[in-house]
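Let me give you the structure first, and then I'll get to my questions.
Per-chain residue numbering starts at 1, and chain names A, B, C and D are given in the order in which the chains are listed.
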Amino acid sequence: MANLSLRRARTIIRKTLEQGREMALKPLSVVVLDAGGHVMAFEREDGASPGRFQIAHGKAYGAVMLGMPGSAQMQRAEDQAYFMAAVNGVFGGQVIPVPGGILLRDSKGAVLGAVGVTGDTSDNDAAAGKAAVEAVGLVADL
Amino acid sequence: MANLSLRRARTIIRKTLEQGREMALKPLSVVVLDAGGHVMAFEREDGASPGRFQIAHGKAYGAVMLGMPGSAQMQRAEDQAYFMAAVNGVFGGQVIPVPGGILLRDSKGAVLGAVGVTGDTSDNDAAAGKAAVEAVGLVADL
Amino acid sequence: MANLSLRRARTIIRKTLEQGREMALKPLSVVVLDAGGHVMAFEREDGASPGRFQIAHGKAYGAVMLGMPGSAQMQRAEDQAYFMAAVNGVFGGQVIPVPGGILLRDSKGAVLGAVGVTGDTSDNDAAAGKAAVEAVGLVADL
Amino acid sequence: MANLSLRRARTIIRKTLEQGREMALKPLSVVVLDAGGHVMAFEREDGASPGRFQIAHGKAYGAVMLGMPGSAQMQRAEDQAYFMAAVNGVFGGQVIPVPGGILLRDSKGAVLGAVGVTGDTSDNDAAAGKAAVEAVGLVADL
């Protein structure tokens, strides 16, 4: 299980959106990145604001590039704001350090990629993504 | 029919990928942007190179922002290369002026968004996208 | 053989430099990127000019992101200069489309990463890298 | 001893990685820059996250360009965050102001370059690099 397939990425997105509807969340947007931080698939629900790709991407991209999920990045940003600001400098301003950036790990802990979820509160975004990742048999590191 | 729905964007992507398989093309990547040039949905087939989001996006983004499909942009680039280079300056280098950037129009000609297809030759990319757009009842301006 | 190890990346670099000395080339600089286009290892020989990391990286990065080795990119740049210029826009100006950007493939053709070699003529750069890639049992797509 | 050689840069990297294994640190990534702030050599251990080149580079680059090691930059960031933010403006966002950016000095105090280490805590990164720099007979200013 070294790589994510498009089929699996698509399922993670679909299940995140379903979970969002079950939790009665605002319209969600969900991206799946591969282990190199490159976009595999994305969907933005009707009614979401137009800039949601960039936010979903920023959550997932930071997780992959740093090997740290959104909640750990947020902790670091709260402890040492200038560090996360500097990290954003070296990654071209592409990192959004809050929950909703979830590392996808296999059963051995290897990182297969990341999911980025945005649209509701950061914690709800993360919860919806977690349920979807676990539904496809992967470990959600959020 | 003023707006694209996620459902329709998803169908355009799925049908483009099916068309690519029927035409025996290389793995394709397909993005759908809304009328504001913002990402609605994207999928990259397994086996495609990692940078395909950026290329698909560049084709569709230029189409929406300029109101000109990829083939018209290519003609302009061949006639007046410095113009398309300057266009890229004002749009932050986000425009790829070749076929495969297709405007989505309704029956009255209004632009609803654009599709960007990449992976095979530019002409094959455009042909696969055209078939998908027409299959959902829209006009493909390529 | 799904991934490159640091050990193998290091060997490719060392053998490229040895090959450069055998061919009596100017001082070489060699980078190895993984399949996501991220830097695994780099060395710049004494006497090389200071900007060689960026050039080696640009050759290898373009190869990975586009799935096209340097010689194919050069051909495209000669046929359709505005296309390669636009590609550089979407990849942040990080692409150097000349020989010396070599895709690393396994025996089944899967891309494991890329090598970027710079310092002498582009063709000599590519030849030195090719010998090194083949010495570690991989296929050099240059 | 006015300049670093590739041989010495390579030894610093190798000894930093060995030190990391002795200290049981997470996988490390190590860059060596010359006195002009340009990349001489880099290695990323297997298992490190893909964005580690940028972070290692940011630590070492700031040290060379400012003539201040990472700990002094961190102190400045904590005392006067807007100053380090402004520094990042003029250096294109390339500076990571935390420990792990180590100036390489000769016995007379002249700066020969810098090492950047990342992967574990900033303090552990700095300790591993310090041991390596001293092992090659240079002074580590961290």
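Quick notes
Here, contacts are C-beta pairs under 8 Å (C-beta built on N, C-alpha and C of every residue); 3 or more make two chains touch, one makes a residue touch a chain.
The UniProt protein names, listed by chain, are A, B, C, D = Heme-binding protein.
Not measured: the values here are computed from a predicted model.
As a whole-number value, the distance joining the C-alpha centres of chain A (Heme-binding protein) and chain C (Heme-binding protein) reads 31 Å. Chain C (Heme-binding protein) and chain D (Heme-binding protein) have CA centres that are 25 Å apart.
Centre-to-centre spacing of chain B (Heme-binding protein) and chain D (Heme-binding protein) amounts to 44 Å, using the average Cα coordinate of each chain.
Among all residues of chain D (Heme-binding protein), those that touch two or more other chains are 50-51. Chain-to-chain contact here is organised irregularly, matching neither a line nor a ring nor a star, and falling short of all pairs touching.
By the document's touch criterion, interfaces exist between A-B, A-C, A-D, B-C, C-D.
Residues of chain C (Heme-binding protein) touching chain D (Heme-binding protein) in their complex: 5-6, 10, 34, 36, 38-46, 50-51, 53. Within the complex formed with chain C (Heme-binding protein), the residues of chain B (Heme-binding protein) that make contact are 48-51, 54-55, 57-58, 77-78, 81, 84-85, 88, 92-98.
Looking at the complex, you find that chain A (Heme-binding protein) touches chain D (Heme-binding protein) at residues 35-37, 64-68, 80-83, 85-93, 111.
Remark: chain C (Heme-binding protein) residues 2-3, 34-38, 92 touch chain A (Heme-binding protein) in the complex.
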